[in-house]
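See the structures that follow.
You will see two complexes here that share subunit A, one where it goes with subunit B and one where it goes with subunit C.
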Partner chain A sequence: MHQLLTIEDLKVYYPVYGSIASRILGKPTAYVKAVDGVSLAIGRGEWVSVVGESGSGKTTLAKAIVGLLKPTAGTILFDGIDVARLSRRDWRRRGLRRRIQLVQQDPLESLDPMMPVGEQIREALEANGVARGGEARRKALEALEDVGLTPPEEMYKRRPRQLSGGQRQRVAIARALALEPDLIVADEPVSMIDVSLRASILDLLDKARRRGTSVLMITHDIATAWIYSDRIAVMYLGKIVEEGSSNSVARDPRHPYTAALVTSVPSLASRKPPKWPVEGEVPSGLRIPGGCRFHPRCPLATSECKEREPAETVENGGRRYRCIHPLPPGGVWKPPRRG
Partner chain B sequence: MAKQAILARPGGLMVTAGLSIILFYVALAVLAPILAPYGPTEVSVPKELAGRPQPPSPEHPFGTNELGYDVLSRIVWGSRVVVQVVALSAVLSMAVGVPLGLVSGYYGGPVDRVLSLVMDSVYAFPGILLAIAVASVLGPSVGNAAISLMVVYVPTYFRMVRARVLELKARPLMESLWTAGLPDHWIILKHILPNVAPTILVVFGLASADAILTEAGLSFFGLVVVYPEADWGLDLYYGKNWLLSGAWWLTLFPGLAITSFAAGFALLGEGLARMMGEERWS
Partner chain C sequence: MVLKIDGLIIEYRTLRGPLKAVDGVSLAIGRGEWVSVVGESGSGKTTLALSIPRLLPANATIVGGTIEIEGVDVTRLGEDELRRRVRGRLVGVVFQEPGATLDPLRRVGDQIAEALMVHGLASTKEEALRLAGDALEKVGVPRERVSSYPFQLSGGQRQRVAIAAAIALEPKLLVADEPTTALDVVVQSRIMDLLDKLRDDMDLSILLVTHDIALAAERSDRIAVMYAGKLAEEGPAGEIVIGPLHPYTRGLLDATPDLWGERRKPKPIPGSPPDLRNPPSGCRFHPRCPLATSECKEREPPEVRESSGRRAYCFHPLTR
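Right after this comes the complex of A and B.
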């Protein structure tokens, strides 16, 4: 498949100034390795979800892709252009802003509270040279209608506070879609939305995907990712620990972390707590554990895991993972007994 | 949000009271020729009474001064000077302070550092001293007084606007505007300015209240107009000589005019701040 976006060995480190002297001298005492060597590709019309807990670096990854952060190292090839190296002005000049759109988590924070929402769509169209004047207005109305905000003339005039949370996120998506982007990066697009409305919001993105727009969704919810994505990448502490087709990752995980995420999904079918809970929280990106970075929380960890960082194993069919003791295929893995 | 009666909202009473006071004095200034019972330098008492201040009486509710000028009329005429100086200085300070604050806060970098340093140094001066220093160099006139006040209040607008821009810049809104592909000047004019506007209004109220007091100080030292032109601060200066002789009306009434006008702006600023406090986004 022709890849639209290819990320190679991407690193985003945040400098930490531990002392006043280090700040004055501009010499960081340490780095938070938020994204620490990520490679990922997205094809045209493909939906890839990056799944992980908070602190896994997934939002940093999203921000680097849309050009809000300068990567420390690595490349982000978008349609042949290395966008990791572009200045903010070049992003606009090359028309990349229109082609890569961001949908943020909290629409109340990402829309201007003082401006009618229709105007916000219209100005995005005008700024990117998609349409101007009356035509831009007409297109903005269409965009509102497309995401189910009717009557569009009425919705056009509303300010974000006069809309519900779900409607606001529809506006944010309408603005992104109106520009007919090649790639939509959606950072937790439904985590602030009522559970009952989530599917209807994600369906809007799915509709765009079926017309050929690629979607990169950042989420902590592996169940949602499984339903909508072609592929899932599981991220832990700045690295992708497992990646593959949505079904293979969610139904037949190799990495114990993926398995833990899968079993933590509550189900109405069985009234039981997760069988294989992962204890504790993601360690700080300042002190990444040596060896396999998941070993302090892994129920299968051995002494080898503490010493050796697992290399990437690639299976037939393209699934890859980083684990020394991968779970057996077939989804028949059992949680180990402790103690 | 539902439209509420202005009085029912927090700070609504303060805003209404402040605006009424301000409008009262503006009307006084505009309509001075109609409202003032006498001219500002008209000898309005019989010759035999001139030479000594005369206490308030039915014909002269605020009394007269030693030259026989009617104190009430001089307050009415004097409002023209204060209103002009304060309005002009507010426009000038805003015209300089707001754009600089927007640009400095938005772009940051070395320009921001230098501008902030300069503004902070000016801000560190006591306002009245700075205004007197500038005005004594420029010489007494309404225009020069406005320029002196501008020097004092530009940093106030600059600092408040810049701080608000920095606050906005840290919000996800800015990321969404950048990724929507809007050019910088567009973001500043169409998104940052409208979101900063309420802050500018609050600063306008509070800075103008302060400016009235500073203007009174300038005019007290004869740095705005020259006697016998009518001006509140100047009348205070000449009135103070008669305080020990018991002629309290020469200082009390101009003094009340100054403080009440300043209070009007202070009420407006404080009231607006309370109103915004409630409506600030989440």
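Right after this comes the complex of A and C.
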């Protein structure tokens, strides 16, 4: 498949200044390795979800892709352009500000609180040279109607505070879609939205995907990722520990961390695998365990896991994982006994 | 019954007029029973929970109904009596943010020990600290942590300490308001295991407030579904999720993705939750309900009761 986005060995480290002297000298005492060697590709019209808990580095990854953070190392090829190395000016000049759209968890962060929401869409269209004047206004109205904010003339005039959380997220998505992007990076797009309204927001992204827009969703919710995405990448402490087709990763994982994740998700099903016994929490990015970074919490860990970092195994069919003791097919149904 | 809420009505004064956050809710919890209150934002679930230990914000008033804990009607008690007899003693509380209970500037052991001494459960500081250590061990935190400050603990451990503080005085009832919403799903599962264990060990009754109906179904004996300040339905957890009576519960279930169920797109419930300052007439769910008739607009729905103790408030209850 022709890839739209290819990320290779991406690293994003945050410097930590442990003393005043280190801050003055500009010499960090340590680094938080938020993204620590991530490779991931997204095809055109494909929906890939990056799933992880807090501290996994998933939001840092999203920010690097949309150009809000400069990577420490690695490449981000977007349609053949290495966007990781571009200046701000080049981002704009090459139309990347339009072609890659970010939808954030809290739309209030990306919307101007004072400006009517329709005007914000119109302004984005003009600033990105998509349309101007009356045509921009007409397109903004269309965009509002497309996301179900009706009547559009009425909604156009509203300010963000006059809308509900769900409606604001619709505005953010309407603005992103109006720019006809190639890629939408959606960072926890529904985690602040009520359950009864989530599906309507996700369906908007799904509609865009069916029209050929690629979607990269960042989420902690593997059940939602499983339903909407083609592929899932599971991140733990800055690394992708497992990646593959949605169904294979979410329902038949190879990595014990994925197994812990999918069996911890509450489910109404009458037949579901027992919960995997995983203790503790994601450690700080400042103290990444040696060897496999999941080993201190892993119920399958052996001394080998402490000593060497597992290499990537790639299965036929493209699923890949990093684990010395991967689960056999169906292994998620047989958790080890609590030690 | 450890808890018996009857006809509870709670009103908030707001700048844009009064609002009934809880409007005529009755609910009971027996000894060692786990009841989850499920609802979305604006359903009144948190207001209901906070009214039990009488921890409502200053602009809220209980305007009707009773809340009996072990036979004591806490709606009639003054602040002094609530502090002495109710909070911590009869009912422990855990919030979404453990920071709401824990003082960031004091060692966690001192905080628990103080409560024990104030309530006369320990006579010396040494004894109180020893009991605080016991409480930490009960929640799976090493007793050495008595000398830690909250910031030195991980999010999950902080929530465990908050639980330890809530149960240190051995209350009969634990009210937990979205205690794991800020935590990761793996940690959430462990905290729920802990609540389950405490329930067994201490014969504790639990009232869990959550937006996650699947979590409620996995963990509780009974579920109460709230919508716009009213109870939509209530009954045994298994029955509610297999065969809901109320169309709102059905909608909530259909809107929830289920990793071990069928791989289908969740269905949204059309429309949006009502403005409680100006609630819909009749059944509050009628503007979003696929089964609504003119009757639903005009009159409050009747109570439908089943022999198993299930009840729903609906003109057109679903059949299985």
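Rule of thumb we're sticking to: the second predicted complex is superposed on the first by the 328 of 339 C-alpha atoms of A that agree within 3 Å, B and C clash if a C-alpha of one lies under 4 Å from a C-alpha of the other, contacts with A are read in each partner's own complex, and residues count from 1 in each chain.
Convention: a contact is a pair of C-beta atoms (placed from the backbone, for glycine too) under 8 Å apart; a residue touches a chain by one contact, two chains touch by 3 or more.
These numbers were taken from a predicted model, which means no experiment stands behind them.
Once subunit A is used to superpose the two complexes, subunit B occupies space next to subunit C without a clash. Look at A:L149: by the touch rule set out above, it reaches neither subunit B nor subunit C. When the two structures are aligned on the shared chain, A:A269 is found in touch with subunit C, with no touch to subunit B. Centres of mass aside, this uses C-alpha centres: at subunit A, the angle toward subunit B and subunit C in the superposed model is 80 degrees, to the nearest 10.
In the superposed model, A:H220 lies in contact with subunit C only, and not with subunit B.
Once the two complexes are overlaid on the shared chain, A:E53 sits against subunit C while remaining clear of subunit B. In the superposition on chain A, A:V278 makes contact with subunit C only, not with subunit B. Contacts of A:S200 after superposition on the shared chain: subunit C is touched, whereas subunit B is not. In the superposition on chain A, A:L61 contacts neither subunit B nor subunit C.
With both structures placed on the common chain, the touch criterion links A:A127 to subunit B but leaves subunit C unconnected. Contacts of A:A174 after superposition on the shared chain: neither subunit B nor subunit C is touched. Between subunit B and subunit C, the partner in contact with more residues of subunit A is C. Superposition on chain A leaves subunit B and subunit C with their closest Cα atoms 7 Å from each other. Taken together, the two complexes place no residue of subunit A in contact with both subunit B and subunit C. Those residues of subunit A whose C-beta lies close enough to touch subunit C in the complex are 53-54, 164, 166-167, 194-200, 202-203, 206, 220-224, 226-228, 247, 250-251, 260-262, 264-269, 271-273, 275, 278-279, 281-282.
Interface of subunit B with subunit A (complex): residues 1, 171-173, 175-183, 186, 190-191, 194-195, 281-282.
Per the touch definition, subunit A reaches subunit B in the complex via residues 63, 66-68, 88, 91-92, 97-98, 100-102, 104-106, 108-115, 123-124, 127-128, 161, 172, 175, 179.
Those residues of subunit C that touch subunit A in the complex are listed here as 40-41, 154-157, 184-190, 211-215, 217-218, 241, 251-253, 255-261, 263-269, 272-273.
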